[in-house]
Amino acid sequence: MKNSAILLVQCPDRKGLDATLADFVYRHDGNVLHFEQHVAAELGLFLARIEWDLAGFQMDLKDFPRLFAPVAERFQIKWELALSAHRPRVALFVSKYDHCLVDLLYRWHSGELRCEIPLIISNHPDAQRHADFYNIPYHVIPVSKENKPEAERRQRELLAEHGVELVVLARYMQVLSPDFIRHYAQRIINIHHSFLPAFIGARPHQQAFERGVKLIGATAHYVTEVLDDGPIIEQGVTRISHRDTLEDLVQKGRDLEKVVLSSAVAWHLENRILLYGNKTVIFD
Amino acid sequence: MKNSAILLVQCPDRKGLDATLADFVYRHDGNVLHFEQHVAAELGLFLARIEWDLAGFQMDLKDFPRLFAPVAERFQIKWELALSAHRPRVALFVSKYDHCLVDLLYRWHSGELRCEIPLIISNHPDAQRHADFYNIPYHVIPVSKENKPEAERRQRELLAEHGVELVVLARYMQVLSPDFIRHYAQRIINIHHSFLPAFIGARPHQQAFERGVKLIGATAHYVTEVLDDGPIIEQGVTRISHRDTLEDLVQKGRDLEKVVLSSAVAWHLENRILLYGNKTVIFD
Amino acid sequence: MKNSAILLVQCPDRKGLDATLADFVYRHDGNVLHFEQHVAAELGLFLARIEWDLAGFQMDLKDFPRLFAPVAERFQIKWELALSAHRPRVALFVSKYDHCLVDLLYRWHSGELRCEIPLIISNHPDAQRHADFYNIPYHVIPVSKENKPEAERRQRELLAEHGVELVVLARYMQVLSPDFIRHYAQRIINIHHSFLPAFIGARPHQQAFERGVKLIGATAHYVTEVLDDGPIIEQGVTRISHRDTLEDLVQKGRDLEKVVLSSAVAWHLENRILLYGNKTVIFD
Amino acid sequence: MKNSAILLVQCPDRKGLDATLADFVYRHDGNVLHFEQHVAAELGLFLARIEWDLAGFQMDLKDFPRLFAPVAERFQIKWELALSAHRPRVALFVSKYDHCLVDLLYRWHSGELRCEIPLIISNHPDAQRHADFYNIPYHVIPVSKENKPEAERRQRELLAEHGVELVVLARYMQVLSPDFIRHYAQRIINIHHSFLPAFIGARPHQQAFERGVKLIGATAHYVTEVLDDGPIIEQGVTRISHRDTLEDLVQKGRDLEKVVLSSAVAWHLENRILLYGNKTVIFD
């Protein structure tokens, strides 16, 4: 079991950043496991991820903010510190299609996704038995045009109650309100069953079938207030042909959606994603 | 060298179509090499491609229309007959980016594309030397807003003069007039450097870069009067990451465009494409 | 629910085969849904799959062998008739890695795989709870060098008892005896976690890691007496890099194996596979 | 035009490596453009690539070895320094299949491959005209069992004469002697038309066709004395089906080979490849 710290940084690009960051870790006897950086030249932006072993690291991490402050100030660094030992608390939202839910649960249970899943929220009772199988509380909160604010209030109560740090929309078919989204900014991941920005909105497989494309896609992205417009984390495609019916598209899409969504969630949990503008850097 | 006939048919789906078509070939002693059919269930449409060996076939093909007429009438068949020995006359249009042009010329010369290329038309002189290398006449016809009708008139004269049956827009950056397009309906293939319908119009790589997609694409399609909206023949994608600059996208795009466009052209030349509605069937 | 018949044929290539086959169906008022054929030119072999609607078909299928005999005889046809309404009885074999098992069960339950699964056989108790979830009897039959003949005897008793028509080795880590294999010739599908013929035998991921390949693969194949040498049904690959540890390979491999194995099983169940020599034709 | 220095290092993994390396560059006022490192945990090996802007760098690079020596010694670093402004001299070897040659020449001419190509060597005269088109001297040196030592002597004279730093076997069908290979260790890149280690040796497409695989591949690797066994740089695959003849495999293989080989050559020229054991790290 790796016991490491991960520092994500973002700041204007300047000479000496790598040296200063690596030196900061080294001065406290940290052994760097991964050091990845990226310069988004079009914005003059420096982004980096440094992961170091905590074995032998000579610092109480409570002191990190204070000790790192001079460096952060000097380079105007926006930073975030995470611990590999921390297992973020994740809520899964689902509607009727349960393939992504079941897939995430299996990966979680097998240890592939390092997180806690304190609850599942759905607007339908259908997936209850999968939640039961993994002993995860399953909350049915029906959503209609009329009760939406009330439903969201209840959802947010549950999320707060369980200290949820990440919301995964595993084929949850309701649009969340701007207020909800703002509150969980950069902490809601959605899977859209098309290769965005193609086929935004409802029924993307139907749209793809009608347009006669030769590949279908899936896109995992952070949710923003503009529908299907948030920063893209991962995408995948699969080949189709005239022989595929609309049902075949739906079925082939399922395999894509599972792989694309679970990759995105894993990268988020492993603190591999940095956001800048409307784009992501994935440190792999 | 295969010496075969290819019959493409399209009609309302009805019982007995396969039997009648196969029997028609058999009655004249044709040996079927390929028989592929597809029922577009959503339209009740039957589409098929039958290819048979002409060795031993007991019919003068001049008589085919007359002899096939009763069958065609009975099933309301729209049909087309092509000969594998016929090498269609293809005009290549190009602007400044010459990678698709050079690729098509190499494939043509190596025998991969079975066609004649009597001429290349460009609005720029840049690719002349590649045309010279393969001894193909290269016509420079500059196009501006003002002279466009005149330029198209000249282009169409050349096409008519050389009996051109297929126009391939190998990164030709001018939009053709509706009149031109109508005249060569289903006989103009374009390569668009995005995964359509994402990033329609100008500068798709720039659009892709700004949107932060994780895959870029290319689409070969028949040109219709609506920009980038014609029936899709083939599509491909390739993976990119945050490390890729806009120039990297352009470069990676080139490899895609070559493969996607040349596949589309090959399938057209081999009479493997059937159009219905705004979609294609590719009989492979 | 489609109610159709599927005829698979294989014979020396001769003129008139398509016409005769299509006509046979038509004469009994069958409406052809799919007609696909392939000529393996290197062997002079004709292979075809014809599927027709049984609604309105004017024949008791009990009479098919008798009525089709003259055609079969004339063209020396080896044939097989299957009904889409028939749900083959499939036994799943598994050892400790249960990802393929769980995936197949989910697909079966969601209707993607049209079959019965009367039993699961394992040499380990680990996957019991997944079997229980889907209410499928789970038989633990430990296998050691000493008890192998006895274990296989017990396995075959169970298969016979349940009328099993297809055995799927869903990461079953024991080698079956030639006798077992012969008895279920062309009715055992295995998933091997490499791109065969690379990395035959034990620990293919370890082998791949040591060789430093840039892609890893998975192969679904019919089991023959020669290890990992049977006819290949489907293969897939996924990209890896120096950043991937052996554990990462194992994890990435899982997604491949699920998709490749389930495709192979689906095609077998839908009677889309024809075997000739050591190769497969997949009629899609 | 980027004017940068690239330092490739390799040494036992130890604390402080990143800090020391980044600091070394910073102390001389270098602005780091890329910093990538990898720890091959199974070997306890640290590998890194640091690229920095030479604008403003306060060191005469002639002094680099002397100034870097204390660092190198302290960490037992094997290192190499390269300049992005340096265009390595590359010799292309080709036999009759010229698709990779033509592709590399086009990429070189368009600026995609940053190198000089002072000569092409072939055992056949066939590709002469492509060399002429790009004004590159083309040396025909026939090779037979008898004259091989003499032919290699002549080849090596030419390479020496032109100061060749990298040899690219662009479908060169002769096996080089161990002596030749040793002399250009890690400086000969070959393209093999299979997914290694599957189908080592002669006629891999024929082998693939006979085995009935569902994907064919191509592999670019450094040449070592054991045939087709050297460190793999890049691999690609493409889907095939029963419909593909042996000729189709050859044709589809061509597109793969071009992309795979040109990527490998580009990475080598950009000093992105580090070798350890029989494996490569590709810093992208």
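Chains here go by letter, A, B, C and D, matching the order in which they are written, and residues are numbered from 1 within each.
Rule of thumb we're sticking to: a residue touches a chain if its C-beta (ideal position, glycine included) is under 8 Å from a C-beta of that chain, and two chains touch if they have at least 3 such contacts.
Keep in mind the model is a prediction, meaning the values are calculated, not measured.
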Write down the chain pair with more C-beta contact pairs when A-D is set against A-B. A-B
Most distant chain from chain D, judged by the mean position of its C-alpha atoms: C
Given over half shared residue numbers means same and under half means different, the chain A/chain C interface is same
Cα centroid separation, chain A vs chain D, in Å, comes to 37
Distance between chain A and chain B based on Cα centroids, please, to the nearest Å. 41
Expected list for chain D, residues touching two or more other chains, is 241, 243
Write out the stretch or stretches of chain D touching chain C in their complex. 38, 40-42, 195-199, 211-215, 217, 231-237, 241-243, 245-246, 277-282
Within their complex, state which residues of chain C touch chain B. 15-23, 25-27, 29-37, 39, 239
Applying the document's contact rule, which stretches of chain D touch chain B when the two form their complex? 99, 102, 106, 110, 112, 129, 133, 241, 243, 251, 255, 259, 284
